[in-house]
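Below are two complexes that have chain A in common, paired first with chain B and then with chain C.
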Partner chain A sequence: MLTAAAIYDALGKIVGKDFVSDGKEERYFYARDGGLMPPHEPDFVVLPRTSEEVQEIVKLANREKVPIVPHGAGLALTGLVIPQRGGIVLDMKRMDRILEVNEKARYVVIEAGVTHGALKHHLQKHHPHLRHSIPDSPPIATIAANVVIHGQGRLSQQHGFNSDMVSGLEVVLPTGELCRIGSCSVSSYWFSKGPPLPDLSGLFLGWFGTTGIITKLGLKVYPCKKMRDVMLALTDKAELVPDIMLRLSHTEMVEDVVVAAQPLPLRFKGTFWIMAYITGDGHEELEFKRKMVWDALWEYFESRDVGFLSIPSGMKAPLLSMPSKDTTRFADVSKGGGFQYAGPIAPIEKFPLFIRKLEEVAADHKLFYSSTSRLIGAGHCMMFSFSFSFNRANADEMARAKTALDECSRFALEEGGVLWKADIDEQRLLMDKMDPNTLVLMKKIRQLLDPNGIMNPGNWEIR
Partner chain B sequence: MPSPELEFDKTKCAACETISCLVKCQYMDFKDTNEAKKEWQKVINNQDSIVLKSCNTCYACEEYCPFGNHPFYLIVERQEEKGILPAPRPIITMWINQCQPVGKFIVGRVDERALSYCFLPHFNTLVKGKLFDGIAWSAIFGQEFFCNAVYLHYAKASVIKDRLPGIVENIKNQGIKELVCLHDECYGTFTSLASAYGIDMPFRPIHYYEYLYGRLKELKDVIKPLNAKAAYQRNCSARLCPQTDHYVDDIFGLLGVERVKREYDRENALCCAEIFRMARGPAIADDVQKRNLDDMVEFGAEYCVFNCPACWDSLADKVANRGIKPIHMIDLCKLAIGEEQALRLPESGAEV
Partner chain C sequence: MQDYASQIHRCFRCGYCKFPSDYSSLNCPSYRRFRFESYSTGGRLWLIYAWLKGEIEWSEHLADILYACTTCKNCAEQCPMKFAPDIVDWIVGARSDMVEKGRIPLRVARFFEAVHGYGNPLKQLRSQRAAWANGVKKYAPGDEYLLYVGCLGSYDENGQKMARTLVDVLNTSGASFGILAEEEECCGNEIYMLGEMGLFQSLAEKNSRKFKDLGVRKVIALCPHGYNTMKNKYPASGGDFQVYHYTQVLDDLIKKNKMKPSPAKAKVTYQDPCFLGRYNNIYDEPRRVLQSIPGIELVEMERNRRDAFCCGGGSGNFITDLLAGGEDSPARVRAREAYETGADTLAVACPSCLTMLTDAVKAEDLDDKLTVKDISQLLRAPLSTR
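So, the complex of A and B:
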């Protein structure tokens, strides 16, 4: 068994000494994320440049039984890349090449460190008629990490979770083998992550890096219309929101539907803001879609339960920005720059119940709340966020926020929701409720792929 | 403190032979004056009337009434009493909450003469340059100074009555003796709405057109005539202060701008119609806007001159799409004295 110094040297030999560290500063930084989970330091931080380097690092870690945690931008907020047992944090940022844009088959092939901001910029500059589904995390969020947690984005209403848009994977298995998943395993084209083959992408998506390390991925891109606009429908009746979302989805004209609820600023108080995004290649197309949206909600408009707000340009720009900056702004509402959310994926019929719970929990714990829900698929489910902001310098407020989030997560689970990007406590809640045979299957998969249990230990740990 | 009450004189209406308030309405049709009179009598008597449900809240009847008897304010009172919602309830709720005075406001180095930005951020962009030398820093902005006239659109006279006395007090407490209102809603509130409700003004409201006209006369040596034809976009609250309309001609005269004699100007003006969209849906709003823009084009306007920032938000891009340059009145004055237009449309359209 190698000493820590020997492992450090070995890592340096693989990636070059400039890209490995066991320094205090790096260990401090990679010990935490922006959320509420307690920090835990890694022993080493390493930044590989190639899939081969990743393979070498994983082989080393497997041989030495050193935990290894892949790291994108560390923005999940639920501590998924906090190295719970120390070991190696594998920061993927240097693997930032956009390898291919296939305009005809509408996919890109990218390395795992490519960020949403970089891909957006690249497409806008070189392929302006194509776009990808941008989540509302900061633009430094990596695409690979986002699909690993089943993120959602601006095209999720039409095309499902961002992970549904994956069109192929290259993965380093926990034992060091490099493996291609999907059409790219038999073809030079990355157009499908599974069909017509057995879909093995499910062995890696949603596993938080506990089954392997994605080094490359194919991602579907979609037509980018020349114009984009947002319509803002308000209602004061939470019970109408699910039907409003369904009606908007029924038009098949809306690319994204987001519902916001929060007590402040005052203009939000007492109303739910439903944002329906539309696109078009000209004014005529946009106008047609606007009319479809109006028609979809006309009955509620006539009953005076739903109104459309005329949006001044100063307000429209932030609504149209991708990603939305409002999430980041919310992080500083309580001053001190902290926020976290429980984001269950749930049937949209649960919206009124969840909103009531959010208001109740926020009042009980004296916290400022916000909620942003995004429609996923054609009304198949929504991501509902129970969000609380807190001051990082206020330990009591942080503790209250954590208690409130746990309460919301348990509630959502009881009500049939499934916790999204669950932290390790929430993963336990999920697994306690999970079909025992499903758990056995998950355990077998993990043991098969990662016999030494080195991959992001602490996560999806089945007892 | 007792709530202000509308000072409405029904004897004036009884003596009225024209019922101009309804007969001239651009959105209601009556077969003759008698029918209009009957409906108006129902409004006065607090009975159900088609007027209360059909009113689009364009404010124009305030201008049409030859007696200054405030027919529109009465309509608003009656709508509220009967629970008629001229707009969807959540929109009204949003407006009531958004403008609630909660102690958040911005004041500059306020002097006895000050500018009112109302609650419109556009004036941060517009108020610049020589036109505002010596007064630019003397400004008030925010909910605490928000005139509240907007609630006329939402059948919420109660909100106005509740908040307006406090707003007036807030302005007075800044030591302001003369308030240059940069928005017609404020000027209309302080000169028309407040007096209709018996609220005394402890300061003198000045319409910003009067202010601009005065400044332009002082700057007349630097004015270079624009030699342009402009359509003037009257706004709803201009109906509360029609006595200020002559300043448009006066200012245009100084700037060398011709106010095109089009169909939809002056008393027959069409508003920006965005309130109609919120209240009645897109059909009426699109129709009004189309007629208005067609009219501007037909009469050869090179510019569309805006008075109200809300009209700007609603119409500026549509005007530009028709090949007419949208410009706010303050910016038009700036152009003539060699300064740049400050309030512009965003460089590009929506981000994709």
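So, the complex of A and C:
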């Protein structure tokens, strides 16, 4: 058993002494995220540069039975990279190389620290006819972390969860082996994460780093049209929102459908803002799609249940921006630097129920709320966010926000939703409700892959 | 300065501050250099808040993290929050608290001691302040401008060349100016940014009084750091004069046909100094001067203007060097970026940038491919008068 000093030295030998720290300052920062989960400090923070370095670190951790937690940008807000048992945090962002863009097969191969911002810029500059599904999280969010939590983005209405767009993985297993998943395991091409092979990507996606560390991934990219616009429909009838979403999806003409609700400014209160994003290679295509969206909602327009808002240019630019800075700004509405959301994945028919619950919980706990729901797939489900902002200098407000979030999560679960990027408390709720045989399977997988239980312990921990 | 302690918790650590506006690369010098979140603006603000709350103790490492910030203002430019314009003030405020408690990095303490004792951070003798000038006339009532060359212009080898060249250029144009010579004193910009408010106040008042006593109405600053502090901080300390960066004056002289550059041949890229660009919105004048030289092709680095990447010298780091060297040092990153444009010349408008980038070009082994020159050096070579 090595001493902490010896482990520190060993880590320094692997990554170079400039890229390992046991300093209080780094341990403080990596002990927490911007959300409400209690902090817990790591013993070391390490910044690897290569898959081989990650392998060596994992082998060391496995040998010494030291916990290890891969860290992207720590933006999930649900404490998924808080090292619950200490150990080593691996900040992956030095692994930032974009290795390949295959224009003919429409995928990219990237290292696990590549950020959404960096890939967006790279594609815009070098491959302007291609794009990837950009989430609303800030641009420093890493693509690997986003797919590990089954994130969604601008192309999720058309193509599903961002994790559905993975086209291959390179993973360091908890025992140190480097393993390729998907077509890249038998070919030099990274076009498929599974089919026609057994789809092993499910051993890693959604597991929050408890089954291995992704070091490279293939990601599908999609046609990028030359023009993009957003149409804004308004309604004050929550019960119509699911059908509106379905009608928009039925056109097969919209890039993304997002529904926003918030009580302030007062003119927003009681109104649901339905944003339909459309794209085109020319005005004619864009106009045609605009007409299709109009036609889809015409009946509601005629009955005066839905209105279309002509969007002023000053408002349109933020709506079209990717990622959306407005999403981040919600953290400062109470001038307090914090927000968190419970984001269940649920059938879209639950929208009216969820919005009522959100308003009720916010009133009960005297919190400012907002909600942004995104259509996933062709209406197969939505991500509904119960969002609350809070002031980090106000402990009472933080406690109320946590209670409110827990209440919303329990409610969503009871109503048939599945909690997204669940924190460790929510993971327990999910596992309590889960089919027992599914739990047994998950436990077997974890024990098989991670016999020493070193990978992000505390998460998906099956008793 | 506002009460930063009541506001600093508002940072959400979203990380927009790490990027330029197109997300092309990392644009926070200290985060780019060290890559630990603690060295990003969000990291720094969260650590300051933790220190204020007593959740972490002061340490040399904490002080190094705080002082590794070059106050380049990229974070303020990119942060999406309403408090964005205040971020640098918050960092300076925390530094000021550390100064008051006497808990600062040794290298920063030495910087203060040198300015306090010698009037410059390089610990050079006051009597040698005009050694560069070689007979340049002292300012006298009736001169249109006072040329203020600052500490680097007075003592640093590269800065001295820059000052001498500017004097030549101004002389050619017939401009009426003089210098303070041995009477010149540190402008205090770095002192302010490093948080020594007492020393800054003393410098600002002393300089303002001296200018007033001499009847100075217009100052030409060689250095964007001096320009910034005289323009934005001195008025509160009694400063009552107009200040120009030298590129503004050159631009004006060229516009008025008092200077006519002759043809030259060079492919030039330009480094926007933080204290000229992001702090004072001066982007066009230096470019116009460069473009006035027939035969010069101006090419932009990917990160330019508001998105320009700092050379790493701000907040006294050209001396304290808390960003250290190595291939990830901001100056070396920037030298590579300049080289990638295909330019043969990297034009600068700041003596700090000149030294930082000249050293970086050498360290990158690019000195036979890329020459770092100040704008007046580029102008002087082909210059002719009307």
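One rule holds for everything that comes next: the second predicted complex is superposed on the first by the 463 of 463 C-alpha atoms of A that agree within 3 Å, B and C clash if a C-alpha of one lies under 4 Å from a C-alpha of the other, contacts with A are read in each partner's own complex, and residues count from 1 in each chain.
Note that in this section contacts are C-beta pairs under 8 Å (C-beta built on N, C-alpha and C of every residue); 3 or more make two chains touch, one makes a residue touch a chain.
Since the model is a prediction, treat every value here as computed from it, not as a measurement.
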Superposition on chain A - do chain B and chain C clash or fit: fit
Touched partner set for A:393, first chain B, second chain C, both or neither: second
First (chain B), second (chain C), both or neither touched by A:73: second
Touched partner set for A:328, first chain B, second chain C, both or neither: second
Partner chain in contact with A:284 - chain B first, chain C second, else both or neither: neither
Contacts of A:432 with chain B and chain C, given as first, second, both or neither: neither
Inter-chain angle, chain B to chain C through the CA centre of chain A, in degrees rounded to a multiple of 10: 70
Gap in Å between nearest CA atoms once chain C and chain B share a frame through chain A: 12
Contact residues of chain A, present in both the chain B and the chain C interface: 124
Complex interface listing, chain A residues touching chain C: 18-19, 21, 23-26, 28-30, 33-34, 45, 47, 73-75, 91, 93-94, 115, 117-118, 120-121, 124-125, 138-140, 325-326, 328-329, 331-332, 335-339, 391-393
Of chain C, residues touching chain A in the complex: 6, 9-16, 18-19, 22-25, 34-38, 43, 46-47, 49-50, 55-57, 59, 61-62, 65, 80-83, 326
Chain B partner contacts - residues on chain A that touch it in the complex: 124, 131, 224-230, 234-236, 265-272, 279, 283, 290-291, 294, 298, 301, 304-310, 312-314, 316-317, 320-322
In the complex with chain A, residue positions of chain B that touch it: 85, 87-91, 93-94, 97-98, 100, 102, 121, 274, 277-278, 281-282, 310, 313-314, 321, 345-346, 349-352
